[in-house]
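Structures for review follow.
Each of the two complexes below includes chain A, the first together with chain B, the second together with chain C.
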Partner chain A sequence: MIGRRGWIGLGTVAALIALWFLLTTITGLVSGARFPSPAEFWLSLTQIWGRGYAGGQLMTHALHSLKLVAMGFAVAIATGIPLGLWMGWNRKAEAAINPVFLVIRPIPPLAWIPLAILWLGLGDGAKILVIWFSAFVPSVINTFAGVRNIDRPMIEAARMLGTPRWRMVREVIAPAASPLIFTGLRLSLQASWTTLVAAELVGALVGVGFVLNMAQQDLYPGMILVGMVTVGLLGWATTALLAMVERRALAWNMAARD
Partner chain B sequence: MGSILFQNVDKVFGPSSSGVKALDNINLEIAEKEFVAIVGPSGCGKTTCLRMVAGFEAPSAGVISVSGKRVTEPGPDRAVVFQQFALFPWKTVRENIELGLRNKNLPSGERNTLVEAALKLMNLETHANAFPHQLSGGMQQRVAIARAYVLDPEVLLMDEPFGALDAQTRVVMQEELVRLARVNPRTVLFITHAVEEAVYLADRVAIMTRRPGRIKEILDVRSIRQAENWDRFQKIEDVMDLESFVHLRTHIWKSLREEKGSQSI
Partner chain C sequence: MTNTPLSLRETVAWGLLGTVLFLGLWSGLTMSGLVPRQFLPPPQEVASRFIQLLTSPFAGATLPQHLGSSFMRYAYGVLLAAAIGVPLGLLMGWFRLLDDIVTPIFDGLRFIAPIAWVPFAALWFGTGIGGPVMIIFAGAFPPCLINAYRGARFVEPRLIEAARMLGTGHVRMIIEILLPAAVPSIVAGLRVSAGLGWQSLVGAELIVAAAGVGFMMVQAQGSVQTATVMTGMIAIGIVGMIIDVLLRQGEAWLRRRRGLEA
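Here is the complex of A and B:
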């Protein structure tokens, strides 16, 4: 169902498309060499959808990028959440690991790309590595903060009930920290897309970022826009999927906020 | 079984040389199935006394033992009811109550029987599958009490358990607790700053001084309750009108007032 907010949003999008049409096609204020008209965009889209561009059809590029993001993101959260839980729960682990984080954190994730390509070349391995570098940090930091923010009486109640260590982590610590863990996951997902596209722009053989790179070299604005819109839609779809998982997992918490 | 003993207990927060002394030489013996309330001005360390019996904090000097065993860590033999309930919001009422039994590795049939009994005891049967946030404060505290009772603990530690409830719910819960104490007597250490509550519920009331907290006086309420036959009344307001009740209450009030009066503001 589309609510009132939804209609307002759709209205804005429609207005932007009308403005686009006005500027590029009707008045010609923006030349096609700088920004494609709707017609040029459509031509580029049908070209890459059917015959393909930069060595593959749109679906091939999109699915390849999606696969890499999914893998990098999965590796990042599979390592990040446990490490964050451990640091939050164990003061010694935090004391040992946090200084390393303080040094590594200021390095922009994109700065790892040259090293990753040097190590693993232009293939998938390097991409997954840089996604891991970028998505790992927000997962760890937010999970850690989530554990640190747990109300002390809740932990004490669990200890009073004689809860053994693993059950404590699974049934008390992790759920109590989960609202912030999900905040970390959203940031991680965003970081995954950002770094993947950047890595594909720098060096790749397939993928949406590679399409963007080729289109730039071919001076092909229509195809550049197709690449951008594709990345936007993929990012939006994966974020929406994550939000759905979050709503289900945090049903108890959402209801408490009403 | 079920006794609590404080022997020369001190508690200092912070480094022992420059720290703040919270408790000074606490000596208190609570017999099996006895209900003792501790009252005192805020910041006097009464909650700290309870937290040390629970094993959440260690005494700086002296020994605390339960049933003759020295307390070193938290455990299900000393069930705690917290002021802020401290339920697990992602678990249903039933799951909250059941966790302690799962930790004891009881088989599921036995767990179910015990959980059902606890639900019934606290009139929670119809809310077994609700989540805590769907319940009122009073109902949530019933869950917390059921979660404590189901452990069959040697002692029950209640830290201002009705402090977060509104006045009417509070009265209902006080009457409920008296009913529970009759059905299923327990050793109870009860912390409160509400004087009437202490007199109404406890066998003995310990009055503490301001910080560093010491035990100033211990009043025997039970002998007066029995002599004046308070139990013939069902409702708290009827008991609170009795001259013997008023007398005790006024005595404690004045004693606490002295502590507040000597506090520098």
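Here is the complex of A and C:
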């Protein structure tokens, strides 16, 4: 069942945990002020899980962050994909929007955080705004590239059959571009998490980034580790979910390749 | 239908139209008073603030000085990422055991956003130069490793077989066969790393730093100086673009030299 790779992987994880014990609890080479021992990690986890930390239980913080990422990501998809389709399809639109895009694109999403806080304060609005900015660009670029990479004969055939414009977009262009669109969505999702964590670290009242921020100020390594593990798990779970959606949506494509 | 490429004149005309519309909308919003000037200064105000900051200090330094200290950290972080990531990637591409050991660790860490390392970075290395460098490293490291690994893994098997038949040892194999063959992939990875590192730098400076463009922006945000915040954004964008253009040029030059299609 488990191959050579799997066994070595399991061995590595076991060795790391052993090393963790050895360095912190047993020998004390790494002091608890720098990195938590397994026991301290467990204590922090039970504390935030039950009694709560930084104004809420772990689930409250995690669900709040998840909700913000979902909302920002949804807005980015809803605006980015249509814009990408339009720019890919209409050369005039591309020429008109490109200069503005060229100026905005090199600005890293995280650089929008201070402006978003100025505009909307420390609440949810500012977070959704910066997630939207960060997730928007990869969606647009990849959708655009996806439309441009469509085989011309396919478009011409559809056109010759007199396909009306709306059906053309919905049934020819968007499906043909969808593999690249999903590539863009994966990048967008990653950017969403990075931006959210940064925005919550800069200023927030709830969320996993806020937990990290408080733990940093309290010099509380155990809680920092809990926060990081939570960020990793959330990122992993949402990426897996998107991959599942992709497999469903592109089933026709995989079948066509066989 | 509009699917044929436009002529240069048309492209420029539409581009101008788009730019004018954008700037017009922006100034219109501020002039009309719909949005308070304090929160969205008109374009010309941002431009004049930008020029002013080139010489007069804000938050302890002028804009070029802030950019300078940002760039120092950035260079350290990215170089460190390349110096560790590329050799490790090559070694993983050659030694199966190392690959099997490192990959699960790497996969586990991959989902943690680089910026989430901020608290530990501050705890371990302080907020001066060490902390930010570690965060930049966290952002720039993965592409260095992955691309060197892929480059080494997909070397033409015939080359390896030929070298092995001639009795090439591990060290020479990696330095003289895998490394040269992996260079295009490595350079592409470095370009991605440079971009991600720049992005992480901004994040790091927003949270923990006492100098640099990100720090300048946070200070400006605190005192509601929107024009200064926007100046910082533009400066970051320009430097990021210059880095990207230079690396693209380097990559194209390298590909041409090796007789690959640019």
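The criterion applied here is as follows: the second predicted complex is superposed on the first by the 239 of 258 C-alpha atoms of A that agree within 3 Å, B and C clash if a C-alpha of one lies under 4 Å from a C-alpha of the other, contacts with A are read in each partner's own complex, and residues count from 1 in each chain.
The rule is short, and it goes like this: contacts are C-beta pairs under 8 Å (C-beta built on N, C-alpha and C of every residue); 3 or more make two chains touch, one makes a residue touch a chain.
Since the structure is predicted, the reported quantities are computational estimates derived from the model, not experimental observations.
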Which partner reaches more residues of chain A (counting touched residues only), chain B or chain C: C
Touching partner for A:159 - first (chain B), second (chain C), both, neither: both
Which superposed partner A:151 touches (first chain B, second chain C, both, neither): first
Touching partner for A:29 - first (chain B), second (chain C), both, neither: neither
First (chain B), second (chain C), both or neither touched by A:172: first
Touching partner for A:252 - first (chain B), second (chain C), both, neither: first
Chain A positions touched by chain B in one structure and by chain C in the second: 159
Complex contacts: residues of chain A adjacent to chain B: 151, 153-154, 156-164, 167, 171-172, 175-176, 178, 252-253, 255-256
Residues of chain C that touch chain A when the two form their complex: 1-6, 10-11, 13-19, 21-22, 39, 97, 100-101, 103-105, 108-109, 111-120, 122-124, 198-199, 202-203, 206-207, 214, 217-218, 220-221, 224, 226, 229-230, 232-234, 236-238, 240-241, 244
Contact set on chain A toward chain C in their complex: 4-5, 8-9, 12-13, 16, 33-35, 89-92, 95-100, 103-104, 106-115, 117-119, 155, 159, 190, 193-194, 197-198, 201-202, 209, 212-213, 215-216, 219, 221, 224, 227-228, 231-233, 235-236, 239
Sites on chain B touched by chain A in the complex: 54-56, 73-76, 78-80, 82, 84, 86-91, 99-100, 102-104, 131, 133-134, 147, 151
